[in-house]
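Both complexes below contain chain A, partnered by chain B and then by chain C.
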Partner chain A sequence: MAIKRPPFNDISKDLKEPMATIEMDDLMDILGIDKKEETPLEPINDKIKNTYDWYLDGHIALGNLYPPKTKEEENELVRKFLSGLEKLLDPKNNWPMLQILKTGLDYCVRCQTCSEACHVYIASGRQEIYRPTYRIEILRKIYKKYFTPEGKLLGSFVGADVDLNWKTIYRLAELVHRCNLCRRCAQRCPVGIDNGYLAREIRVLLSQELGISPTEILEKGSRLQLTVGSSTGLSPMALKDYLEFIEEDTYEKTGVKIKFPINKKGADILLIHNAGEFVSWPENPAAFAILFDAAGISWTMSDEPVGYDSINYGLWNDDIEAARVVLRHAKIGKDLGVKKIVIGECGHATKAFCVVGDRILTGDLGSSEISRESCLPLLWDIYKSGAIKFDPSKNNFPVTLHDPCNMVRNMGIVMPQRNVLNAIAPRWREMHPNGVYNYCCGGGSGFAIMQGLNFPQWRNKVSSRMKINQILNAFKEELDPGIPKYVCAPCSNCKGAIRDFFEHYKCKEKFNLTYGGLVELMVNSMVDMEKPYISWDEY
Partner chain B sequence: MSQFMIYFAWFSVICFFVGSFLKLLKINNMPLHLRAELYPVVHDSKNSYGGSYMEDMNYVEEVRKGLKNIWVNDIIEILREVLFLDRVNEYNIYGLWFPSLLLHWGLYILFGWLFLSVFSVFWPFYFLIQLSSIFGIVAGAFGVLGSFILILRRIFSQELRLYTTPLDFFNLFLLLFMFLATLSTFLFDANHDILRYLGSVISFKTVNVSNFVIVQFFLFQFFLFYFPFSKFMHAPIKYWTWHAIMWDDALTMKGNKQDLILQEQLEYKQFWAAPHAIQGTSWAEVATNLKVEERGNNNGNKKTTL
Partner chain C sequence: MPFIDVNGEQLEVDEDGFLQDPEKWNEDVAKYLAKTEQVEELTEEHWKMVNYLHDYFKKYQIAPMVRKLCKDNGMDLKKVYELFPTGPAKGACKIAGLPKPTGCV
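This part shows the complex of A and B:
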């Protein structure tokens, strides 16, 4: 056993070994998977050791963060961090989150009631550094030391006892990328402190002041989306090719002709997908098109830059980028004159646009002027309308439902997807816990798209561990690979995480598991579909 | 008893009320935050399973018509936590619930004791005095037991000790001594001086009282004075962390008060310094603009500026 309880000050010290190391023996057991048969942990390679500060846990999420070369660079980092923290505490620079931050910093009673809610902490074997309060306690110590009279006066007596140097900043930056921001911990806090959002505040400081963010989230995420049009790198012209390919491919596979409507002025609905769907799961936007056309819905998509990619990575670390994207989406919808904008199966995008955007978009772009909704209630409405005939027996295989944190815990959209499954999937069952208490897939807050260095290993072994265990438990009577099983995950990021950990744990070979969205299941059970829509061989 | 204790009594009471009020006012007056609700939102009519109005198609229309929110649920849920520490009971694995419950009830009953005692100064009925004594003894016993067990837990649990600062121990020892002094006043038969002390504070006339009473009230008054500046404020803070943040699901409608507040906040200047931010512009400006060199940098010949 290697559970370590490193004192907080270790974060700023020269260390000989990481503050915590991941070892197989410590990790939580998974039903049906013997640890000895799991892909073994890769040792930390020389490239990482020689290039990065790897002393948090031997894993690197920020592959673009190289140690400073000179003392001046070190001092500049510290200066910028403190300047960022000062802005974080300022009502004008941080009006979006100040109340949440200040109450969180000042009134946590350190009872650790939240800890057992955290899938990362539990799956890791309860490594101290992953406790939801650990990273926030470090921030609190820095805040007290530099920004409170009691901290300046009484120092370690009030807990103002962490040294701030470049190592502190780099390890803290890594540490906030060991939290999925799922906010399950906040549900349990007796005081109402939100350690998830506090971790996000550290990310905001790093991104908005120092430009520190995983490449996939900022540079190749929001930046690419705002300058090229999509975080996938898809330009409007490339999008056109993709859509044509999906139309042809759908016809070849199903015999159904679809045509994605583009920039149709005055349509009822502007549908915005996570552009990752076009690239990785084209059957998902195709299924939407099949359903919408069959239901007689007046809808359109946009080929304006940003307008064909619903993602909003600012949700995870940057209010400026978040505001830019929601504003762009809303303006595109307004220009098209649609009645409402619906986000496809993507949790973070839905929350960013519908919930966070609700307090960024004002006046003529306010919620009352152009409605913004999740696709899930619409899908249930399509079923209820009776416009499409469904045959549930076409979905006669075990199905379980993953609740994306952003749409369920963070938006309260719980029943529409369940109502649909009750109607079209006779063998579906809940995983436990579920609904607003469900566990994150392990890919939340950007982890699903962060593929650099050895971070995917950490994600698959630790942050997604609870989810694979939940899934296997949901199917525990039918683990036999002779029975095909479907994990319904109506969220692009969740699907990305599931794709990776299914591969990591060899779920296809061992358990015949596949995954997909809700729309694919709906189309699969449509009476008018001559061939099965779900392909069991691909994932 | 010196004049000091009389003035300190009034000073501590004023500090308690004014300090707490100002602290809470400061929190209340912070800018309107982005929506950060977390479900279940207890006033939502679908709170039994954590649902929300966003489960409905055209929910904006439903909001416009008026949601059937059950606002009393907000109060009930906060009271459940304040009175019974429900979440600690259900989820805390470090054995903190029972001693915390004792300590919290010790405090509530202690305030009840003070209230009854002040009442007894004006209306010295036998029943009232006896009742206040019972409150005092129970408060003392609960508080001593609760704070003592909490101190032990925080010393002997490796996990808790890591997070417990000397100030946290100071707070717990303050409570322990305060409750111990309260209990001692009754155990050593000095409680008859309590009303005399309170009477002297009210009338500003010094009287001689037992040292037990002086110590008891000194600690209690220090607690009152210290309360607004300490983490003890976590009790009233729940109204904001829960009601005003975690359950704040209010939708912005064009022209409503929230909309106007947000428009004002969007005009705040921000000075974030990362390369993609534009220092010194308002939030509205930074949201609608990219840096000049980033504009039009796409392969699709479409505009990307906002």
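This part shows the complex of A and C:
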């Protein structure tokens, strides 16, 4: 057993061992998977030890964060951190979120109710540093020390006892990337503190003030999207090649001819997919096209840069990047003259555009004349319209549903996807807990796309651990690999995380599990489809 | 950023060993990268895929879809994994000098 209870100020000290050590014995048990058969934990290699400050837990999320070389660089980090914190506390700079931040800093009663709600904390075997309160307590102590009269005067007597140096900042930066920002902790807090949101505020401070952000999220994420057109690197020219291939391939596989409508002015709906779908799950946008055409919907896609990629990674760490992307999406919809902009199966993009957008868009762009919506209610509307005939017996296999945190807990879209499954998937069952009480897939807040160094190991072993256990429990009577099973996850990010942990835990070989979105299941059960749409061999 | 040394030339790679500048790619670089991805020797079949990927990237600045690369090279995914044990994205694309895939892929 290696559970450690490091004092808060260890985060600022020269250490010989990490503040937490991940060991197999401590990790939560998973139904149907013997720990001895699990992929073993790779020890921390010398490259990591010699290059990075690895003393948080031996894992590195920020592969671009190299220790400072001079005293000046060290001082600069501290100065910028304090100036960033000051901005977060200033109503002029942080009017939308100041209240949440101040409530969290001033009113936590340390009851730890939130810890028991956190999948990372529980799955890790209750490592102290992963408590939702631990990272915030460090922020609180820094805040007290530098921004309150009693802290400045009395220091450690009033809990202002964490030193702020470059190590504190680097380890805190790693520690805010051990939280999926799923906000299950906030849901359970009796006082109304949102530790998930506070973790995001620290990420905002780090990204906007110090330029500290995982490469995948900022430089190769939002910035690439705003320059090339998509975080995947897909330019409008490449998009054309991709879409043509998807059209041909869909015809060969299904006999159905689709043609993605591009820049159709005056269409009712502009559909924006997470561009990762074109690259990794092309059957998803193809299924949308099949359904929309069969339902007689007037729709279009855009090939304007940013207009064909719904992602908005700023939601996880950067208000400025988030605002830029929301504006581009809204402007493209307005120029096309559509009535609605619908986001495909992507949780964070849906929340960024539909909820955060409300706080960003003004004037014409914020007008309620163009609504911004999730695709899930529309999919249920398509079913209800009766325009398409479905045969549920075509989906005669066990199905369970994953609730993407951003759309379900954080937006309250709970029933449309369940109504659809009730109608088309006779053997579907809930996993537990579910709906707004779901657990994150472990890939939330950018983790699914952070593939550098040994971070994927941490994600698969710790943050996705609760989800694989939930999935296997949902199928516990039918784990036999002779029975193919489908995890319905209507979110690109969740699918990325699920793909990786299915591979990590050998779920195809052991249990015959596959995964995909909701639209694929719908198309699979369409009476007019001559061949099955879901292919069980590929994932 | 780390560097690799190929025949005396220092080439910048990211923290997972992906080449940063595809212009610097050549046969020797491919051979060097192959060894880091469990490919001991690049056969004719390997080269076919590697050159295809490099050319596609040159034109489009992104890797092709997995299904497309299979189809265009007349291979199924199983065959791709036989040739490149670490897979099409991490293995084959890396050897072809492409940068690490980005976005929700």
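In this text, the second predicted complex is superposed on the first by the 538 of 539 C-alpha atoms of A that agree within 3 Å, B and C clash if a C-alpha of one lies under 4 Å from a C-alpha of the other, contacts with A are read in each partner's own complex, and residues count from 1 in each chain.
Note that a contact is a pair of C-beta atoms (placed from the backbone, for glycine too) under 8 Å apart; a residue touches a chain by one contact, two chains touch by 3 or more.
This is a predicted model, so every value here is computed, not measured.
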Touched partner set for A:Ile3, first chain B, second chain C, both or neither: neither
Partner chain(s) touched by A:Ser207 [first = chain B, second = chain C, both, neither]: first
Which superposed partner A:Leu153 touches (first chain B, second chain C, both, neither): neither
Which superposed partner A:Ala238 touches (first chain B, second chain C, both, neither): both
Touching partner for A:Lys220 - first (chain B), second (chain C), both, neither: second
Which of chain B and chain C A:Leu98 touches, first, second, both or neither: first
First (chain B), second (chain C), both or neither touched by A:Met24: neither
First, second, both or neither for A:Asn493, with chain B first and chain C second: second
Larger contact residue set on chain A - chain B or chain C: B
Partner chain(s) touched by A:Asp309 [first = chain B, second = chain C, both, neither]: second
Chain B/chain C common contact set on chain A: 228, 235, 237-238
Chain B contact footprint on chain A (complex, rising order): 5, 7-8, 80, 83-84, 87, 91-93, 95-100, 102-103, 106-117, 128, 133, 137, 154, 156-159, 183, 186-194, 197, 207-211, 218, 222-223, 226-229, 235-239, 303-306, 319-321, 323-324, 327-328, 331, 340, 354-356, 358-364, 366-369, 371, 373-374, 376-378, 381, 408-416, 435-437
Touching residues (chain side chain A, partner chain C) in the complex: 63-64, 215-216, 220-221, 224-225, 228, 230-235, 237-238, 241-242, 245-246, 249, 274-276, 278-280, 282, 309, 311, 346, 448-449, 451-453, 492-493, 496, 538
Partner chain A, residues of chain C touching it in the complex: 14-16, 60-62, 65-68, 71, 77, 100-105
Residues of chain B that touch chain A when the two form their complex: 27, 30-41, 44, 46, 49-60, 63-64, 81, 85-88, 90-94, 96, 100, 158-160, 162-168, 170, 231, 233-234, 237-238, 240-242, 244-246, 249, 251-255, 258-259, 262-263, 265-266, 268-277, 283, 286-288, 290, 294, 297-304, 306
